[in-house]
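The chains carry the letters A, B, C and D, assigned in the order they are written, with residues numbered from 1 in each.
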């Protein structure tokens, strides 16, 4: 709960405290006369809000020996009680919106809590499991046969239409013009990925973006993050080291790898608009954190929808850089730092993963990571032009 | 001609040899029995083509003591003569296309030749001039009064329609849907930028993208590249240290700075499609390298077009990440490494600059640099939604 | 017990396990048929012995989430019991020597345990104390008046004469010729150091070794490690943040700082031979870990010996690079890696500190650290030529 | 003459200007009313004198495009003439001493001029020669048979006795007590070194100092600097790529390598006092720069002295860290920065090399480099205790 194996992988204790700090800073602190529980907590557990003061450097969160976990849990309880009391008394619509945002914010950190624990445990050569015994998925019997499904394109409405919660980056709804395209019915699997490895995918510079090839060489990438070679490929999971399932979606791959794979396969990655149009008819259901499997699983080949695994399992890399939609407006105040300032150098991912809370996801939900990052449950679906 | 002050600023001697190497490698070398002039030159002067073999690391180009400049000039003459002889004999259309590409490639390096010399000279506290005496621009008398010019948006054709040369990244022409928007009639000036500095623009994190703010702090940015404070602001130019002209467009700014300025001004940067639609009616003319001024100058306020300085003076940063157009296809062979593999993490710039050859530029021309880079002649025009 | 704030500051848990590993590896493992308790422990808790296999990188010791502290304590108990049983059965003189070495090795880590905890806690802006409440030293009433005490020099025997334990680096005893010299009767105090700071000591390059001046600038040194400015100087200690005692010896200074201070004072540092000759008449007593004060204290001005504080309080930097004595021999086997391979770039320190076990110290004991290191309890005594 | 392949390898142009700057700064500038030729030159060509102002960073000397080589040569001539005129007029003894120091300083840079050119040319895969054709040494016919020569030790006078020029670090003469020892009659040869390589010398951590082993791994050392494998070992020299001579002394090795070799051979490196005592009877003659061979050559086996190659050929690494002699005093003023501030982390080398001017060397001359440095003409002679 305390260590931090890399700048991006915050300690569990920090996630627990930071999500509570959010409610204290942006909700409780807006009441006149409120006195913060601790200036030190304020310093430690602010993530990146420049507006509200100095903070512990992100890369040093693993050095927070005090407060202890017990103290953090007390902090959570005290703030939760104070918030509940205020809500019982009744608050303005503006403050209700802060609570709603805080809940969605906490759901994001529930996912990071699991992905960061996985990363931090993966650095231990004992490959310790997060839990015992592992939860077993139902084994699929039908073979995975991915096909390309066609979409007509044309002028489409993209983004959040209003009426219900959404992050600022999903607004406003606007029109985009799409060329005809096709998407693969299934996610790329571990078996597919082994074929890519065996064909020299990690050794052929012509498959890679220039920045990606530099990363392959610098980091000596030869397979997805967490894979190790032991009588075949195994992979570190929240259940410890496990054999890979050939039919399950590949995960813990970077954008650079997803893009190289697609080029190797003679395809490309979908844009986020293509994904959103294709996903619109489907209901939001799938292998989310609620299944408690915490790993992507092979698709059930007998489903009725045209696209399998569109929600859950893995975040799907899209070809779309993370940008403002036309007409995007930043919120006022510190809350306005929420998403806009990260709109550089990252790519959009869609659909949620096996560690995402199911009710956190929407059709228009935009996740985003840098193209070299692999510690999230990230995978890919293929696309191509339909001409 | 030999030194390299940073990885991105290649020596003049290298540019001269590399552009000739391009013709040797991709044109002469395609004839059966051709023997390359020198394996060492092949190693030294390949820039980034993985397909054609190992090469001098980019950051070490400044260590190429041999061949000497005289030897490089002999190399240029020998290759030019051999190419001319082949052309006299008549070649295939495919090889004619290689020659055309090679000429456009050399024009790109003509611009880099000047920008890199400027950078390399700027590191010398003597501020040496590239030439003596400086060429004087005609002084403008009319005041610069920028206004916002409206455009209706809608479904527009973007990209190269075919019929004439274009780089692969300009194809194919395709439709995009634009919201109504406005662009500033003039480029942002040095006087504008001084106002931004004086208002604390470089010290306010809320104006900046997160990655940009990190760069401001790491690099201690306080003003555009090449500016120094000596009885007011002066700037390093190819004519040595010169006073800044308040009415001339600001230049040598990064995307991060352009974006922060636009936010400070309550505006935003234009997308490349918005720029292209607005520029379409204008003829390609302006302060290009052909004027031999080699610096941006104040706009002539009495022109007839609605948008001033749309071509020449400075490359205009757009809000558009550098991506493949829908339907983009890479060329076959090593030539296919030309543009596609750089489509990550960079932004598109439009319109050419005061060191760009005039006949190198097209309406659909897409230049691209990383958001932290400032050594090119880069500037900005403002945009906003029209609602 | 788990975190590691810098490569040099190992977690408490690691020290506890490593010292036990030493007995398992070099004692128990020498018995035929012995099976190691855990290959993983062997990997984690080897410090630097190349001969006995691969190991956790030193800088990553803070990522050892498993084994837990409880498991480490069980490991300690199991190994201790196994060792005790073997000793009861009787072992060879060679193995008895391994036990003796292991005990001295563990004493070294008892000291590091405290110095590393201090470092790791110091990174927390709460300045947490290692214990509550602090142990109070007896306040000194006599003023500290340091004088220079003369020594005749000449041909002297230096090093361990045999008969009793010593580390390999203390052997063999040999003759060195010393010029006449003087040593200061007292250690340099915090009050002395404040005078150095106030006189611009940290800003005058002429006082510093070239490598030291680079470090001052790179690390922005302005005062000893752990000092902070809060209504005067305070310092982080194992009792939390405390006011500095002007009469107590300055500590947590590097060799570079000690050397610069001596130059500023018109003096120099003593050689280790000068120190040893001067210390020879004194009994080994002082403010060691046994007092449980864990901080250096002001000298009792009324003592009978000519040199105060020669043992305990702080390790005294000497001017002597850490080298082999003439005739030095490395021990056979992995134990031979003990000291010899570190004989480069470090300086010898003498006399032990307030966190050293008293019975760990000998007249001939040679400690050694790099000249930029400051997290040990290090200080200085002045010397000068007597001519 | 302009490039700088590493921080330590200054451009030829810089050496030419810096040695002249020394005379301008410390001689001419001491005359009232003297006006420096150029403030910029003063900035560019100060090496490390903190006392006399700011300067070009050492690592950026390769960016000095202006002044040109022609301008530097004019600078040299102008200063030389001005100095000569002052000397004709007659100057104080103090200023005469500055001139003498300046001449010895320039001799040091004559050596660096050649070693730095060799380094800078070595980075070019064309392996260009400094001159054409190479000068041929007389081939030795006698076999090299190194023996160990005994010395009695005892109390010896070490260092410069006065009467004639010496650098500050050679003073004062003082007594040291030496144990009996033996030195090898010849330097270690290339054939010896190949045996070390073939025996896995670069792969056995037990042969190396801890810091040395880290360097071997970080730098991937497998053979001396400049050696390449091409039908056997070849080496870059000032005459371009040449086959190695098995009987010639090995050179371009670090202290770490010399120390590891000695341990492999069951010997050790000599101390500088041991070397000085052994060299005292010999006349100063050997393969210095004056032979214009610029490479070490095989010893003439028929000489009369007991120790071959004691002067010239290669600088001999000693086991002695570079420290102040007892009673060392720094000179007053900027000249005082000459040697003392470098007394940390380096080792003493003795005897001069094939690129050292012969009349630059004395019995008591102390050269010094860091233990990882290899671009000087460095080699080794073995030692052992005689007991």
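Here, a residue touches a chain if its C-beta (ideal position, glycine included) is under 8 Å from a C-beta of that chain, and two chains touch if they have at least 3 such contacts.
None of the values given here were measured: they were computed from a predicted structure.
**Student:** From the centre of chain B, which other chain's Cα mean sits the farthest off?
**Tutor:** Of all the other chains, the one whose centre lies farthest from chain B is C.
**Student:** In whole angstrom, what separates the CA-based centres of chain B and chain C?
**Tutor:** 58
**Student:** Averaged over CA atoms, how far is the centre of chain C from the centre of chain D? Could you give it in whole Å?
**Tutor:** The answer is 36 Å.
**Student:** How many angstrom lie between the CA centroids of chain B and chain D, rounded to a whole number?
**Tutor:** Those two chain centres are 47 Å apart.
**Student:** Enumerate the residues of chain A that touch no fewer than two other chains.
**Tutor:** none
**Student:** For this entry, which pairs of chains touch?
**Tutor:** Every touching chain pair, ordered by label, is A-B, A-C, B-D, C-D.
**Student:** Looking at the complex, which residues from chain A come into contact with chain C?
**Tutor:** It comes out as residues 2-3, 5, 40, 43, 56, 60, 62-66, 120-121, 123-126, 128.
**Student:** Taking the touch rule as given, give the residues of chain A at its contact with chain B in the complex, in rising order.
**Tutor:** Against chain B, chain A makes touches at 48, 50-51, 155, 174-179, 205-206, 208-213, 256, 268, 319, 321, 323-324, 326-327, 337, 341-345, 371, 385, 387.
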